[in-house]
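Chain lettering (A, B, C and D) follows the sequence in which the chains are written, and residue indices restart at 1 in each chain.
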Amino acid sequence: MPHRWGMAADLDRCNGCGACVVACAAENNISTVGAEQAALGRAKHWIRVERYWEGEFPDVRLKFRPVMCQQCDNAPCEPVCPTYASHHTDDGLNAQVYNRCIGTRYCANACPYNVRFFDFFNPSWEKPLQLQLNPDVSLREVGVMEKCTFCVQRIKAVTVQVAAEDRELKDGEITPACVQSCAAKALVFGDLNDPESEVSRLSHSPRGSKLLEDLGTLPKVTYLPRDTEA
Amino acid sequence: MKAIYGLYTHGASAQSAVDRLRAAGVADKDITVLSPEPREDLALSHMHSRTYMWHFACLGGVIGFSAATALAYISETSWPLNVGGLPVVAWWPNLIIMFELTMLGAIVATIITLIVSAGLGVTRRGIYDPEVTSGSILVGVENPPDSSVDAFEQALSAPPGARVKKI
Amino acid sequence: MDRRSFIKLTAITGTSATLASCGNPENALIRFVPDDEIVPGIAVWKPSVCPLCSAGCGLTVRVMDADAEVVRNGQAGVVRIAAAKKLEGGPLHPISQGGLCARGQAAIQVTYHPDRITQPLKRSGTRGDGQYEAITWDAAIAELLSRLDALAAAGNQKALAFATRAGSSHRHALVDQFLARFGAPGPVSFELFGDQVLRRANALSFGREQLPTFDLPNARMAISFGADFLGTWNSPVAQAAGYGQMRKGRPGIRGAFVQVEARMSQTGANADEWVPATPGTEGVLALGLAHAILAANLRPAAAAGRAGTQIDGWAAGLADYAPAAVEKVTGVAASRIERIARDLAERSPAVAMVGGAPLAHTNGLFTALAVNALNALLGSVEQPGGLFFTPRITLADGAAAPAAPSIEQLASGILGGSNAVQVLLVDGSNPVFTTPTAWKVSEALAKIPFIASFGSFLDETSGMADLILPDHSFLESWIEAVPESGSIAAVASVAPPVMRPLHQTRAMPDVLLDVSRRLATPVALPWETFDQMVGATFMKLAPAAAGGDAWGDAQAQGAWSGALPAGLASPPSVTEETPQPVPEPRFDGDAAQYPFHFLPYPSSAFLDGSLAHLPWLQEMPDPITSAMWSSWVEINNTTAERLGIAQGDIIEITSTQGTLRAPAYVSPGLAPDIVAMPVGQGHRMFTRYATGRGQNPVSLIAPLTEASTGAVAWAATRVKIARVGGPDGSLIMFAGGDREHPYEDLGRG
Amino acid sequence: MSTSSPALPASEQVRSDLLRPLLQTSWKFYVLVAFLGAIVVAALAAWVTQMTLGFGISGIRWPVYWGFYVTNFVFWIGISHAGTLISAILRLVNAGWRRPVTRCAEVITAFALIIGAMFPLIHLGRPWLAFWLFPYPSERMIWPNFRSPLVWDFFAINTYLTGSLLFLFLPMLPDFAIVRDRATGMRRRIYGVLALGWRGTPTQWHRLETAMQIMAVAIIPVAVSVHTIVSFDFSMAPVPMWQTTIFGPYFVAGAIFSGIAGLIIAMAILRRVLHLERYLHPVHFQNLGKLMLVMALLWGYFVFNERLVTYYGNGASEMQVFWRTQRLTFAPLYWTMVVCNFVLPLVIMGISRFRTITGCVIASIGVVIGMWLERFLIIVPSLGHKYLPYSFGTYSPQPVEIVITVGTFAAMTLLYVLFAKFVPIISIWELTAVQHPSPALIPPATAEHPLGETHA
């Protein structure tokens, strides 16, 4: 049976620290755009920690929610792409093939989660910052869309290794950068087709819900809301 | 090429010239009529063969439709990628492609039929006189048999206002 | 993407982006033979230690090949090096436990920073203008030696001062030893957001002069008085891990969490209950809770033991702290105090934390002692689910240097002529940026005849140096830390260099050892190299397995943790004095003229500003405001409405110390009489990414200090504010909306 | 059966009037072409700059990834519905008054479509790879994704463009022949080639008219499909206020609406500049104005429908966009649009006293502005306020987009000016043919018979 990668985000553990945001940038060669471009709305954060105020002082609360590509089973971003740059892989990921992308940005419009980012310029790193670049992740040229891949390079590396060693994949063996960095273990990644995996267990939790579930996109990220009992 | 023709400013004269040529034993297919605008009011305008343009247009549509169907089906199945949970061969969206190519086929077939059946090409053949586009109707005969030239000239000169030319 | 296309793509990026591949300047460079044995495309994981804060988290570093442009023997060229690619939390490290905070993730940019100082520099312009010329290491060390030798020759060794960051490591121990043996006072360490007050309180309450470790995984309730323990305070990674466990780590048990603070921090945002108490009265609230527990006979007063005796009136049941009285002082409803108190007593084990702004008032020590007493009353000291003190390793034997003056005393001594400092060495400290203007540190430094800095970057303090001896980055040198907290068992982090130095830099401890040997009168230090010194400690530690080697194991894993052998543990500090209670906080600025409390706070990205040079952190959206590359002033939304201030409007904040202008972030998450501002931006000089960006709120802080420790009372300044203009685009936010359901009632109006 | 209709001059007069612009050139023509050409060159330079420096010089941003370019795309495709669709319908119903109008309408279609079809290229992140949309057999066989509305666009616009160009070109053949016969030298050769050897035999005339009929039949559904598919670009995406079944007819109606407005403006300018008062009568404007009135009502009906359904449905994300357009940031633009598209045409076209040429032009300018705003207001507020408020954003155009937008209006005008210079802007043979109507034909519109009713 093919794998079906999924993630669970326990918002009772997530404290909004933002480590996942920087971890993602470091792993995936996401270029820093600088203040001027950030002001124009060009900052690229494949994962972001959304925060929403609730109530008024003094009965005020702040809600955090990490949002990355939801890797929908019925992904609105995929069919709209004229060149198949955005398509579904056998293991359930919304692949984004940068080389096929011609930059219509239609996928980003169709994505209800706004997790797709456009490369407005060729990426650049002030030397020698480029020495940090991860050779397992391609750089994106100007004019293409990019987005969270669930760190597909890590998935590939481990699955290839597992196949070479002719053994079963262990739950938790693959960790995308955000999951790995999360000190509170708010993010859990794994194979949804493995009923024993932690992510399967959390995805079937009665606490669990999907983001914008009513749109019918069938996301593979499950959110476990913060408990309210004090 | 030899030819004899008359130029007429009035439709009735031209019609009369045609009628006289017919009387002189010229077959309809040998009479050349050129008009500056369509003259549906004159019988001479109806000296054309039946056209199958509508049929060819339909045929073009069918070809376009088939091409679109094949294109969509073959390309989708030869690279069967899942997008957004849609079926690999999704007929509802394909219908749009099929419709557009059907219409394109029909349009292209119409144009081809027009060019072929109306004898349009970059080079001009047959009798022509620039006065046609200045409002005169031309009636004439190409390569008239030498024996009939005089009779034709007579027939063409008879209607009022006729100017007959020989080349 | 395969390697080939990757290399092709990397070739088009960077500063050569505009050049076609055929004209790639890298191709014109000489290729040096690689020094490292590395298999292209194969990643190796090596341990390291995060240097960015004092938490001492262990790292595991992904190392792969990369083509670096280097200068070798004066010849520029390209060499394939083993380069650090990604930092992760050390999975086996007792503090980071596999996790890492955003700042730790960004630490790799310290090594590859484009504005890193690549070789020794000698000042060529006037002081502070950033003009330097390159010199050789021999010349640089000779210059430093001549200065030190001159001091020694004159018998004026006391005129050597050393400014460094607070922390606990062999590096600090080495500096201390060097200074002691040279005959100079101990290092001057200053941290704006330092924790002297809490250390002192813990010494008084528990006999331990250190920060506590919290056993959150076993706690059923936590109450935090201002401690941003998930964000910036103490050991955030370890605490976040514990917090996750407390919330969801035990089937059926979810630890409750209450946060007391006037401005909702990232930590406070996670609380089940957020209690905005009047600034400076948090200790009163803690005692109010204690009173309620005692009054309801939920705990005996004697349970507080020694910590209780530090509090006036404890034995009598804290008669002055009845809920109604506490409500008047703190603004927290009496019923709420009683409810929280009952929860704390019933949800045992419960732990109280204190840190940050509550301790940065003139009565900070009182607040800390009050919370300590509450903890003791709850029975949570050194108990599962409570707080612990990490056993500490004695780092180096030898005479300690005499106590150093505080930076404030140093500055006033220099300016007043009572302390003629001749030579100042600076390592990792930027007091010019982080001290209140009134201390005149900058002016004092300007009077010192010779300043040398070991810094890797030109910042406000390094920029005043006459000589710069750039240090290796932590990935290029031996790196170690002996964390003060974050683990219940003793822990020491250590790792050998991960990669070869990129630039012509030298490790500061080795430079110090070198200098100590080459002085005209050598300073006798018992180590040849720094790793020898570190190794000496580790070889005394117990190996994990019998017959093992603690030093070798520690290097392989990045840390040693376990039970300390007798004699190696630092003894508890014994302090017998009883402090005078100071429950009333003092504030700078008249409340009528300056109606707002000014609350600077360490920014999530930059802490006290020492990380503002890292582009990843500049571009990381702030957890609360989502701001990037910005400074801002947080202001309550009803207050803002009253004053006609809208999001992004420029407001002017004025204290008795000065004035600054910054964009407003309007939020419901702070009390109406507070304006809060993150520290970190506003650098006059700190690399291309931070220079001239935003405002430094430290410039507004009045020089009030906590009464008994002398720590800056950075939360005790009052300010007034005025709108001076509309948005100028300087507030750059990632988020578009602040609320999940905005305008949902618009149609009904 | 009058051969000297009071409405139209005699054939020779027609020919000389309509060929005059081709044969005489004033200095004003060169000035105008140079002026418009300069703007077009500036726009092309802006595009090249955008490709060289990166798309970032535009105002597009996360999450508003479509802005002026797509607005312009929809706008120009909408304008393109002026010609071919109107002229095809009028041809099919044989409305006599169409004759002087059809060509200047069809030219609008052709050029607006070319300009509109440029925008998907301009807005591409990597325009040099645009050919990947074309279903050519590549070695890796990754053909375009036929499930993507952009591929539907590609096919629909190509079909419509092909059809429209041919639809425009076919009736030009006899006119090219006229020019050919009157010109000399190089010009004669060029027009000779363009005339494809047209002679005017009964067969040619008959085939041409049959072909025009087939084309008219074919082009109407294609035109409808084109703008429906353009609307699909939006309605296929789960974006608040986009995903609605009304978008197809709404866009088609809007396209015809703006198309008529564009046509009226073009006709008014032609009438004035080329002195075609004898061919383009107030009655033409009145007829088109009435058509525009109908479309304004239809547009108002669609907008009412769209808004009512959204309001009643009260979906959180839809209401975000709803309020933002009606009361908040975009309200000024929104209400300007309503005034331009509904109030203005209703008042001017609805009151016969105002239905003069000037009145029609004023209403048309309003409609063109209003319909441009409509497309902008469909695109930007929805994209900027999509579900998760954290990701909300706003958009403001940058100079490159404004220059390119202005450039397209200049390009349209330039192409039109050049076309009118080189091709008779009114179909000569169709006008002269009026003087010899077949019994089945309906005479042209006159002052007495504004709709061209059959003479008894």
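Rule of thumb we're sticking to: a residue touches a chain if its C-beta (ideal position, glycine included) is under 8 Å from a C-beta of that chain, and two chains touch if they have at least 3 such contacts.
As the structure is a computational prediction, the values presented were derived from the model and not from experiment.
S.K.: Quick one: most central chain, C-alpha centroids?
M.R.: A
S.K.: Quick one: report the Å distance separating chain A from chain D, using the average Cα coordinate of each chain.
M.R.: Centre-to-centre distance between chain A and chain D: 43 Å.
S.K.: Return the distance between the CA-based centres of chain B and chain D, expressed in whole Å.
M.R.: The computed centroid separation for chain B versus chain D comes out at 29 Å.
S.K.: Approximately how many whole Å separate the CA-defined centres of chain C and chain D?
M.R.: Measuring from centre to centre gives 64 Å for this pair.
S.K.: Multi-chain contacts only, two chains or more: what residues does chain C have there?
M.R.: Those would be 626, 735, 737-740.
S.K.: In chain D, what residues contact two or more other chains?
M.R.: Each of 142, 144-145, 147, 151, 389-391, 393 in chain D touches at least two other chains.
S.K.: At least two partner chains per residue is the criterion; list those residues in chain B.
M.R.: 79, 81, 83-84, 86, 93
S.K.: Select the category (line, ring, star, complete, other) that matches the graph of chains linked by touching.
M.R.: Contact pattern: none of line, ring, star or complete.
S.K.: Under the touch definition given earlier, write down the residues of chain D that touch chain C in their complex.
M.R.: 311, 314, 316, 319-320, 323-324, 327-328, 384-385, 389-394
S.K.: Flag every residue of chain C that touches chain A in the complex, lowest number first.
M.R.: Against chain A, the touching part of chain C is residues 1, 3, 5-6, 9-10, 12-15, 17, 41, 64-66, 68-69, 81, 83-89, 96-106, 108-109, 112-114, 230-231, 236-238, 240-241, 243-244, 247-248, 254, 256, 258, 264, 266-270, 272-274, 276, 343, 502, 604-605, 615-621, 623-624, 626, 628-630, 636-638, 667-672, 688, 693, 729, 732, 734-735, 737-740.
S.K.: Could you please specify the touching residues of chain B with respect to chain A in the complex?
M.R.: Residue positions touching the partner: 79, 81-86, 93.
S.K.: Write out the stretch or stretches of chain D touching chain A in their complex.
M.R.: Listed in rising order, the residues of chain D that touch chain A are 53-56, 59-66, 120, 123-127, 129-130, 132-133, 142, 144-145, 147-151, 154, 233, 236-239, 383, 386-391, 393.
S.K.: Help me check something: in the complex, which residues belonging to chain A touch chain B?
M.R.: It is residues 72-81, 84, 86-88, 218 of chain A that touch chain B.
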